[in-house]
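Take a look at the structure set out below.
Read from first to last, the chains carry the letters A, B, C and D; within each, the first residue is number 1.
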Amino acid sequence: MSQTTNQRLSVKLPGLNLKNPIMPASGCFAFGDNRYAEMFDLNELGAIIIKAATLEPRVGNPMPRIAEVPGGVLNAVGLQNPGVEVILKEKLPQLKAKYPNLPVIANVAGTQEADYVETARRLSDSGMVDALELNISCPNVKHGGMQFGTDPASAQALTAAVKKVSSIPVYVKLSPNVTDIVAIAQAVAAGGADGLSMINTLLGMRLDLKTRQPVLANGTGGLSGPAIKPVAVRMIYQVSQKVDLPIIAMGGVSSAADVLEMFLAGASAVAIGTAIFHDPLVFPNVIADLPSKMTEFGIDNLSDLIKEVRSRRNEN
Amino acid sequence: MSQTTNQRLSVKLPGLNLKNPIMPASGCFAFGDNRYAEMFDLNELGAIIIKAATLEPRVGNPMPRIAEVPGGVLNAVGLQNPGVEVILKEKLPQLKAKYPNLPVIANVAGTQEADYVETARRLSDSGMVDALELNISCPNVKHGGMQFGTDPASAQALTAAVKKVSSIPVYVKLSPNVTDIVAIAQAVAAGGADGLSMINTLLGMRLDLKTRQPVLANGTGGLSGPAIKPVAVRMIYQVSQKVDLPIIAMGGVSSAADVLEMFLAGASAVAIGTAIFHDPLVFPNVIADLPSKMTEFGIDNLSDLIKEVRSRRNEN
Amino acid sequence: MPSVRNFSLVKQERLTEDVFQMELKTTESLSEYQPGRFVMVEIPNGLQQLRRPLAIAAVDLLTGCISLIYRVVGQGTEQLAKLVVGAKVNLLGALGNGFNIQNFQVGDQVLLVGGGTGLPPLMYLAQTLGQQGCLVTTMVGFRTKAQIFGTQVFEQAGQLQLATDDGSAGKLGNVGTLLNAWKMNNCRHVFACGPLGLLKAVQQRFASQSVPVDLSLESRMGCGMGVCAGCMVSVNGGTLNQHICQEGPIFSAAEVQL
Amino acid sequence: MPSVRNFSLVKQERLTEDVFQMELKTTESLSEYQPGRFVMVEIPNGLQQLRRPLAIAAVDLLTGCISLIYRVVGQGTEQLAKLVVGAKVNLLGALGNGFNIQNFQVGDQVLLVGGGTGLPPLMYLAQTLGQQGCLVTTMVGFRTKAQIFGTQVFEQAGQLQLATDDGSAGKLGNVGTLLNAWKMNNCRHVFACGPLGLLKAVQQRFASQSVPVDLSLESRMGCGMGVCAGCMVSVNGGTLNQHICQEGPIFSAAEVQL
């Protein structure tokens, strides 16, 4: 392999020229303003996806919001965030000041089409964001966009409305809590999405034998971590066979091998969420491990792998 | 506690007077004709759910059919079974001869309504089965009934058709791979189901980095084991709040504590599948542990717990 | 800057039926391991996705050891209790704000109030304040005599007031009983750590007093690093606006809403 | 009747770079641990939901020990290789049909053919047949000299024919080379275990001969107990009609479809 690491790891997606495909998943790295960021250089990342932004500030759900389950984590944070204004005035400028070259993807959430659109417009216009990730899949708030994520027509309409006001590419983040993920993906493609982001959390619950009540104050929560990886791989595989959009893959990734499995499923980039809670250095570790894992499995570079996997699909 | 263990553990469901609520899940104990059955007395079980029966014999999917994933197992057995005729002539008579007092639930699968109905009729007429479990949720065969499990109208029609020919209670086994589990449950209730069985496996996939192909010959497979427990608990909880039918709960149960969590979610009985692969004595172990776990959490007897949980739901 | 490193277990001791003390050794600097701060402990079998927060109960700079004292309450702490000497234990730390004790002087009177698994951070605090020459009074409540641990540290650091629910040791009653009986003379600062009920009692007891009161809070934690928003608390009239793991775990009783 | 019990690890030895031998001790009966049968090993960290099938490589009734010889190929075997003496290893066994060798007599000529991780069951078989007075010839292939293990057992039990792909030990070539060169004189039975290619070569080599040939098959296994239908194979013209774990792992080459 005479290629440099950069040549081997770099990937191109709409709006995103990434030196490597690895990024923190939304909600698992705040706005880069967290203590993990003291432990390694964020410039090592391919990009960062920041916590959901809503039009107004949200205080989120009552506590407890987080619980452990076998192979995974349940969370019901409920889109807590300071609102798009504070994000534009404080969070993003701080992030850009510290890491001017780090591509930024902003996760956008809302209740109705109007506030999605307005939040997206402001983020797009700010010039501080490289792409939007439309969160139509938050299971943890009554009106968290899940209604958009489970109905193809609404998903398509919302995507189209956001596309209209956005000058940067729009990735739509899909919910796995649906009967037919391909139908939703096709709908957002028809709505003009530039890419997909999948998957958000599976809706789950844990009950406390002592209180006989749900462990989470919200009742249900979103399941993330290794437990959901097989579902993520299956959905990404299914969608990549039918829909031509690039996919930012996530769901239970915690190693370079997991990253490659996502690429084989059809990913063009990979986000990591829950794994950082266990391994604070998961980002530098995975990025460092990738080249040798690729060599082990005969993978020259990721761009070619993406093409190979995509062309294999089209034959089917 | 002056109650006998039997009084504390016994549960009553349509067609099933069980001395305890614990039974093997379909496909994880064959027809009782397996080597686990040499290791403990099947008379200890509350009941047994036998492997899916189809009208004609099925050879199932090509190998490999089974793979491990974090916290779970993927299988794509594909309803391999000798067909209802052999089951009636050999499997059930052998089972009844050995364990005349063990309640038997027969899992029924098919491709079209007609073969479901015919298989159900024959099993019902045989006099060797106490209840049917209508499998409208097998993810592992092209025509495994999943189409019935994901569409409320088809689910209702199939349930009604099977009810018409069955003189024994009919439990309908639901697929978790749906957007709205409550809608499916309500539909099968409207179709006349006597009870529900939930959940079947989540549709998942694992890819092999060496071959770059799915590990399972079938491509996708059904995810079972601890990884799916939070999804099972959530769905059972949601359904039990809206639908008055008793639920046989399953999905990742491996301990007495898990059993109680299922009861708190809304179960009236509990099946165990994947856990036996790890712990061959999981059935006698869980049954033996139940009374002390119940005492630890202030639960006198399961029948009262079922009533308590159900009444709490109705208040919501 | 938090670091993540393997410590080696040099001592595992059972203090009561369900409370254990681990001594963990490192060759690296412990300068950030200050009283009131905590670590996120990796549960070593690889099953648990989340680390567990435990307070730093003691630091010995000479030997390069820290102590963690924990009650076995669930799967994570059960695993910790199984570890034997020589095992590697991975800690992320030190985290949180810690007790603000930089400006304390010789002779300052300080009151510590604690119970249950709130004692470990107070043990380290008492030791530090005692070494700084403060006059440390500690009020501690236990359910019964058999559950007592850690009291020597408080006796060495100053004066100990003990209560048990069943009167089997110390006064009959709980920390509330001790608080009510207490006469405050020139107390410069109050620190409390323990169950919610205890914290509320302390908050209330001193609500109308001018003495500053700091409470160390507990919460389930996802990350311990200010990311997951799993540990929020309402401070200064806001709603769930601060992270117990980052702005805390120590909050001013006058500002925090329990 | 299969039993599930804890054995204690009394020896863990590295045979080649990635092949290990575990010696496991029990106080209970080993009468069911016959050549060709296997155990389902629990992976001790609690992460893996499935046990792993491993052939019984040796049994010492005097010490109550069995040997398992395994190549580290994935997460499960990696965990096994980490175990140290004194560890508890939970085995479900003995499973499968085993080699049918009850009617062999002193002087019977038997051919064993093996490669890779197919050798462990043949080691136990060779030893047993040797003790029964049979004349045991074993053909074994390895990729290279560094990968050789287990050959002493075959030498002690009879005659060893060795090949390596690179000629670094024994004949240059593979088991196929040895098979082609071999002259069959009064061979009473052939047993083979190894990769699919080897089994197919053996099946083909003796297809038109009257000598009975038994093949020991491998498969991913879910349960090992005839339940999950994860290990089916086509026998006697049927389609996936027998369980490798239950009716096998040993099948007649004349009946099984590879």
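We adopt the following convention: a contact is a pair of C-beta atoms (placed from the backbone, for glycine too) under 8 Å apart; a residue touches a chain by one contact, two chains touch by 3 or more.
Values in this document were obtained by computation on a predicted structure and should not be read as measured data.
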item: Shortest chain-hopping distance from subunit A out to subunit D; value: 2
item: Greatest separation from subunit B - chain, by CA centre; value: C
item: Gap in Å, rounded to a whole number, between the CA centres of subunit C and subunit A; value: 37
item: Distance from the mean Cα position of subunit C to that of subunit B, given in whole angstrom; value: 47
item: In subunit A, residues with contacts to at least two other chains; value: 70-72, 226
item: Touching two or more other chains - residues of subunit C; value: 47
item: Category of the chain touch graph - line, ring, star, complete, other; value: ring
item: Listing of all chain pairs that touch each other, if any do; value: A-B, A-C, B-D, C-D
item: In the complex, subunit B residues that touch subunit D; value: 27-30, 33-36, 38-39, 59-60, 62-68, 70-73, 75, 77, 80, 225-226, 274, 276-281
item: Residues of subunit C that touch subunit A when the two form their complex; value: 1-4, 42, 47-51, 92, 95, 219-223, 225-232, 239-241, 246
item: Residue ranges of subunit D touching subunit C (in the complex, touch as defined); value: 45-47
item: For the subunit A and subunit B complex, residues of the former touching the latter; value: 69-72, 74, 150, 177-180, 202-207, 209-210, 212, 214, 219-220, 223, 226-231, 233-234, 237, 252, 257, 260-261, 264-265, 297, 309
